[in-house]
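Everything below concerns the one structure shown next.
Note that the chains are named A, B, C and D in the order they appear, and that numbering of residues resets to 1 at the start of each chain.
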Amino acid sequence: MKNRLSPYYPLLPVFVAYFALFLVGRNVEGTWQLVATLLFYCALGQAFNIFLGMTGYVDFGYVAFLGVGTYGMAIAITGLANFPQLGLGIVAIGFVLAIIMATLLSTAVGAVALRLRGAYFAIATIGVNEGFRFLIEGANLWNGSSGMIFTAQLNEILGRDLASRVMTLWADILVLFIGALAAVVTLLYMKSKIGYALTALREDEDAAKVMGINVTKYKITAFITSASFAGTVGAAAWALKTPYVFPPEVFEIHYTIEAIIIVMLGGAGTLLGPLVGALIYGVSKYYLSIFLPGVQLFIFALVIIFVIVTFPEGVVGVIKRKTRNTAIGQYII
Amino acid sequence: MKFFSLKIILPAVLISIIPFISTFSAFAAGHGKIVIGHSACLSGKYAKAGEQAVGGIEACVDWVNNEYGGITLGGKKVPLKYKKYDCESKKESVTSLIGRLITVDKVDVVFAPYSSGLTLRGAPIAESHQMLYMDHGGANNKIFEQGFRYAVQTIGPATSYHKGTLDMVKKIAPDAKKVALAYEDSEFATMVMEGAKNHAEKLGFEIVFERTYPKGTTDLTPLLSAMKAAKPDFVLGGGHFEDGQLFNRQMADLNINVDCLSLIAAATLPAFSDALGHMAEGVMGPSHWEYGVTYSKEAAKEKGKQWIGPSQDEFVSLFKKATGDQKMLPDYHAAEAGAQVLAYVLAVEKTGSTDSDKVRAALGDLEFMSFYGSWDIDDSGLQVGHSMVDVQWQDGKRVIVWPESAQTGKPCYPMPTFDEKKDGKKALP
Amino acid sequence: MSLLRLENVTKRFGGLVAVDRVSLEIKKGEFLGIVGPNGSGKTTLFNVINGVFYPDEGRVFFEETDITRMPPYKRAPLGIARTFQIPRPFASATVRENVAVGAMFGFQAKTINVEQSLEIADKVIERIGLSSHGNKSAGVLTPVEKKLMEIARALAMKPKLLLMDEAMAGMHPGEIDNMVKFLREVAQEEEIAIVAMVEHIMRAVVNMAEKVIVLDYGEKIVDAPTREALSDPRVVDVYLGKGAKEENAEG
Amino acid sequence: MLLEQLSGNLIQGVVLGAVYGMATMGLSLIFGVLKVVNVGHGAFVMVGAFVTLFFFSSLGLNPFIAIPAAFLVGILLGLAFYYAAIKKLLNAPELATLLATFSAGVLLEETVKMIFGSEYRGFNWDVGKVDLIVTALPMSKIFAALGSVAIALLLYVWFKRTRAGSAMRSVVEDSHGARVCGVNVDGVYAMSFALGIGLTVASGVLLTMFIPVGINPYMGGGYTLKAFVIAVLGGLSSPYGAFFGGLVFGLIENTSYTLFAFIPGVEPFSLTRFLSFLILLIILLIRPTGIIKAK
């Protein structure tokens, strides 16, 4: 008789890794900000994986969801700064707003783009981040190109000490929780009909349709889930950690590239993959910036081509294949 | 079974810990020296400015240690050290590196990276460690409206960029009435535009055209066509390096001739004239500092201000020594970063301590002059003492034409038309 | 009551008429063979039945409901399943997961959960003889194993109508016999109507089918009980040619 | 005055559009034949710009001479990239080729950055200008537009008149059928990819003749999005569709600005860019085969 908890074993290595990161960051002097960066990559990868990994669709405009999430938090803080009695409630409202805005944008984009297949989808999304940035700047939304700087408001709302702790510690811990939560959701999806449907449509969309799978529905589900997580990552890692938002910075395609590298390197569609990818990427980037500054992108571009041509399933994908049906295998999916 | 899984997790965890462990061996600031920490932009989009800043800082640190003899602290001369990391012009790296500078390297002061965004990114970390945070590359005025207690600015605020140019036109061409403003739509340039607009209105100019264009534009033709129709006497605009070249080039393409064209950021760089050749003749640009300014010990004495630091020529040779590149001249990024070192040195000597609170207080009262010009901050940390210079391309060379106290040549006004320039006419006064 | 009924279905691609005014009817539990050479419009006909294409003209009824313009994913839960000419497994998933997908989104989609689907998958896999491959990735199976897996996946859907596109191509005669036997059993037990499409008149299929339809350039030229159809001169001369006669003689 | 501005921008738009169109033909060719989306398109355009810069600034040669050189560079790059990665990925999921072309773009940008640095460069090729009443056009822009039209015509002739060209057309129509008919489909793939990249790099020369400043390793990003809008306007798989798509796009870009400028409080350029993105989405949604009929 199988243990009832056994489907959840694969979360163990994920949690162990997050916990280890947390311990290292809190206990080894001077490492917290580096841990924070790694946590950001982990959460980014874990969130993107829900869409890119599970559906096999490439969203080149993914960073737009982080961007609107950042705006969600920014709007909450600047808009409610006159009600400092709400305190942390404003931050909570900011997260809700971030999720709502990411959901709205992803629904709008998904409703159009997800009717399209593979290549056409990628083309449709390639301009989402730019398009949205130009809308904000062009229509002068939310201060247009001047962006918002709201450290002062955050200080006012939370008090200087708490605000400072939020910016330097709690924002990062929130990112950790978001990453862990994204992993839990990934696993829940994998173990439910959604996961089976996504696997099927990733492998063969037409066959999946014929099997009775409403592919558009499941794609949109994954898209919105992934986007909402991205929104919260933006709200925590960008808006709370550094209380300002300038449109060109939060819609920069560079972050989509990083997310793609992380997911592909670790193993698209696996649970542990984004985490492993984020750690490999974050740590090697750290070293490269010390020893070979300025060549990170060059090296990572080569790595991506190499990974796609030689082992497209990524590091965890390979381990998963090798350990299938072994005792270790039940921890790695 | 758990054991097996550990077999995989352990190495992964270990590998991820390596960078943290290596931090133990990192350089740690001890007694007997004062350390400046800097998260510099040596690669990425701000690499050019970052390289200049590092050169400027190293030149001035060199001067402090070898010419000045070190910082006088408690009756002893203490050497100044400089510790930098490359933040790749990315905000994720800025926080981790500033965190590391403060907690591992235990530096005494942190110099912010280039640009307003990255400066803002690092500020909360410095604040939370009560660490003095000096800004040499973030010109956005709003940084100093956020209530940071430890942030201090050396670069002049964005709103003051085009004030000098307007003053100049007002003085030398009383007939010029119509000004066109066309800036990049970015947090920095729109702030410059706002400052220019207010000042132009104050001086009684008529603003006949006021538009922006987004970052990354590759064709300004429609905007410039509309500007041409407004028939301005002179044009102020720009944003960054890239669009400045485009702006000037397409004005030439559309044959838009005005009496004066001043572009921020781009026009003062050698690459501007390299790319545009004769089309750049007579074009102006404001700069925080330019080689050739006439700030000197004597000038300081006249104004009754304290003087510190190398002379301009000394600075240039120290800069060349620091960068190891004989051909590269320091620009304003280098000068303002260098001047920041000098401000810090003076403040430490004045208060006799490296404690951030005390140094910050001393900086608040400090007023001095160096090769970079005057330095003075207000209560929020905003730079108010420094004034900018205006540079004009005359016969392929950069000439400082404004303010009159710093000028190395007279301005050429009005500048030749594009057709005249094509025929070889130089913009000489 | 008919299970599936096509009324004058026409499907064109540009100027080409792939299916030309075809009508047909299948009753519960019936076995229908559709025969036609490459390019005769068989696959298009299947695609019209399960909704990959909508017909330009004509109507499709399933259990007397008009499903002409119903998207394919809504047809599967009604009880329409299919296999493909070239197997289309979900390559990265295991055989067990592949088959479970069928159960999950098929006829029982509304009432079944993941656990139950996997149990059904295990049963079907065992019955079709793929037990030892259950935890393999579907992508690594041999072509014949893939075909078996596809049939298992379709059966796990608990269909009322099973469309099989060249299901037995590439199998040895022995394998075909087993397959036929197996299909007969299952179809009888669960009252599944089967439409099998073959390029050549295969002994096995023909022996099983109660009725045969012959397509030629998208047109239905014969629709008759098997025996009659085979002896129809149009089939033999115009379409099937010499090879088929020999194969026929074998049986 | 508005009419004057509009007609001026219309003329500018046509000239610009011709260059845009040519800059998109390579993208459409590659998609048409191989069904590969070259997401790194802009980076290849950038390579062409650097070739021009090198020819003009270092060798002092006329930018027109840079066209065949850039084309050759593109052919070589295309072949190298095809055999190193694309060939192995043709049967893989789309994700693979999308990421591969994307990474190739990043790789090119970073390589060029390492060699030439990341400054914004430019050169001054001043061959006079034509003063039309409503606007002024420098000869360099006119040459760029004429060059684009000439290349488009050459390609047309090549497609219609050569064996290789007709083999390519047959693969666009039906790759399976072409294979059955004895066309060396693999060869056609390699050739089309190389030709597509060659055209793209060569278009970098024309774009640089058009706007000879702002040359830097990351300049391609802006062109990628534009190229996709244009390609989609033209139906994505037809090089001629792309050429006419470019003309349409050039007109939209230049005239919509004048109109947006009437709305108070907005940034008309940004809205123009947003509009082009909207156009992309709308066309993909209602008519993915493009709105311009071109054979």
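Here is the rule we go by: a contact is a pair of C-beta atoms (placed from the backbone, for glycine too) under 8 Å apart; a residue touches a chain by one contact, two chains touch by 3 or more.
Computed from a prediction, not measured in an experiment: that's the story for all the values here.
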| Listed by label, which chains are in contact with chain B and with chain C? | A
| message | Taking each chain's centre as the mean of its CA atoms, which one is most distant from chain A? | response | C
| request: Return the chain pair with more inter-chain C-beta contacts, choosing between B-D and A-C. | output: B-D
| Using mean CA coordinates as chain centres, what's the chain B-chain D distance in Å? | 37
| query | Just curious, how far off is chain D from chain C if you go by their C-alpha centres, in Å? | reply | 47
| query | Approximately how many whole Å separate the CA-defined centres of chain A and chain C? | reply | 43
| request: With chain centres taken as the means of their Cα atoms, state the distance from chain A to chain D in Å. | output: 32
| Out of chain D, which residues touch more than one other chain, so two or more? | 221, 267-270, 273
| field | For chain B, residues that touch 2 or more chains besides their own | value | 47, 185, 212, 214
| task | Would you give the residues of chain A that are in contact with at least 2 other chains, written as numbers and ranges? | result | 134, 137-138, 144-145, 202, 294
| Quick one: which chain pairs are touching? | A-B, A-C, A-D, B-D
| field | Footprint of chain A on chain D - complex, ascending | value | 31, 35, 37, 39, 84-85, 88-89, 92-96, 98-100, 102-104, 106-107, 109-111, 113-114, 221, 224-225, 228-229, 232, 236, 260, 265-274, 276-278, 280-281, 284-285, 288
| field | Touch list for chain B against partner chain A, complex | value | 1, 4-5, 7-9, 12-13, 15-21, 23, 42-44, 47, 85-88, 90-93, 95-100, 102-104, 117, 120-121, 123-125, 127-128, 140, 142-143, 145-148, 185-187, 190-191, 212, 214-215
| message | So in the complex, the part of chain D that touches chain B is made up of which residues? | response | 1, 4-5, 8-9, 12, 16, 118-124, 126, 128-129, 131, 135-138, 141, 211-214, 216, 218-219, 221-223, 253-254, 257-258, 261, 267-270, 273
| message | Using the touch definition from the top, list the residues of chain C that touch chain A in their complex. | response | 50-52, 71-77, 82, 84, 88-93, 97, 100-102, 104-106, 109, 113-114, 117, 135, 137, 153, 157
| request: State the interface residues of chain B toward chain D in the complex, per the touch definition above. | output: 45, 47-48, 185, 211-214, 216-219, 221-223, 225-226, 229, 241-243, 245-246, 249-250, 252-255, 271, 274-279, 422
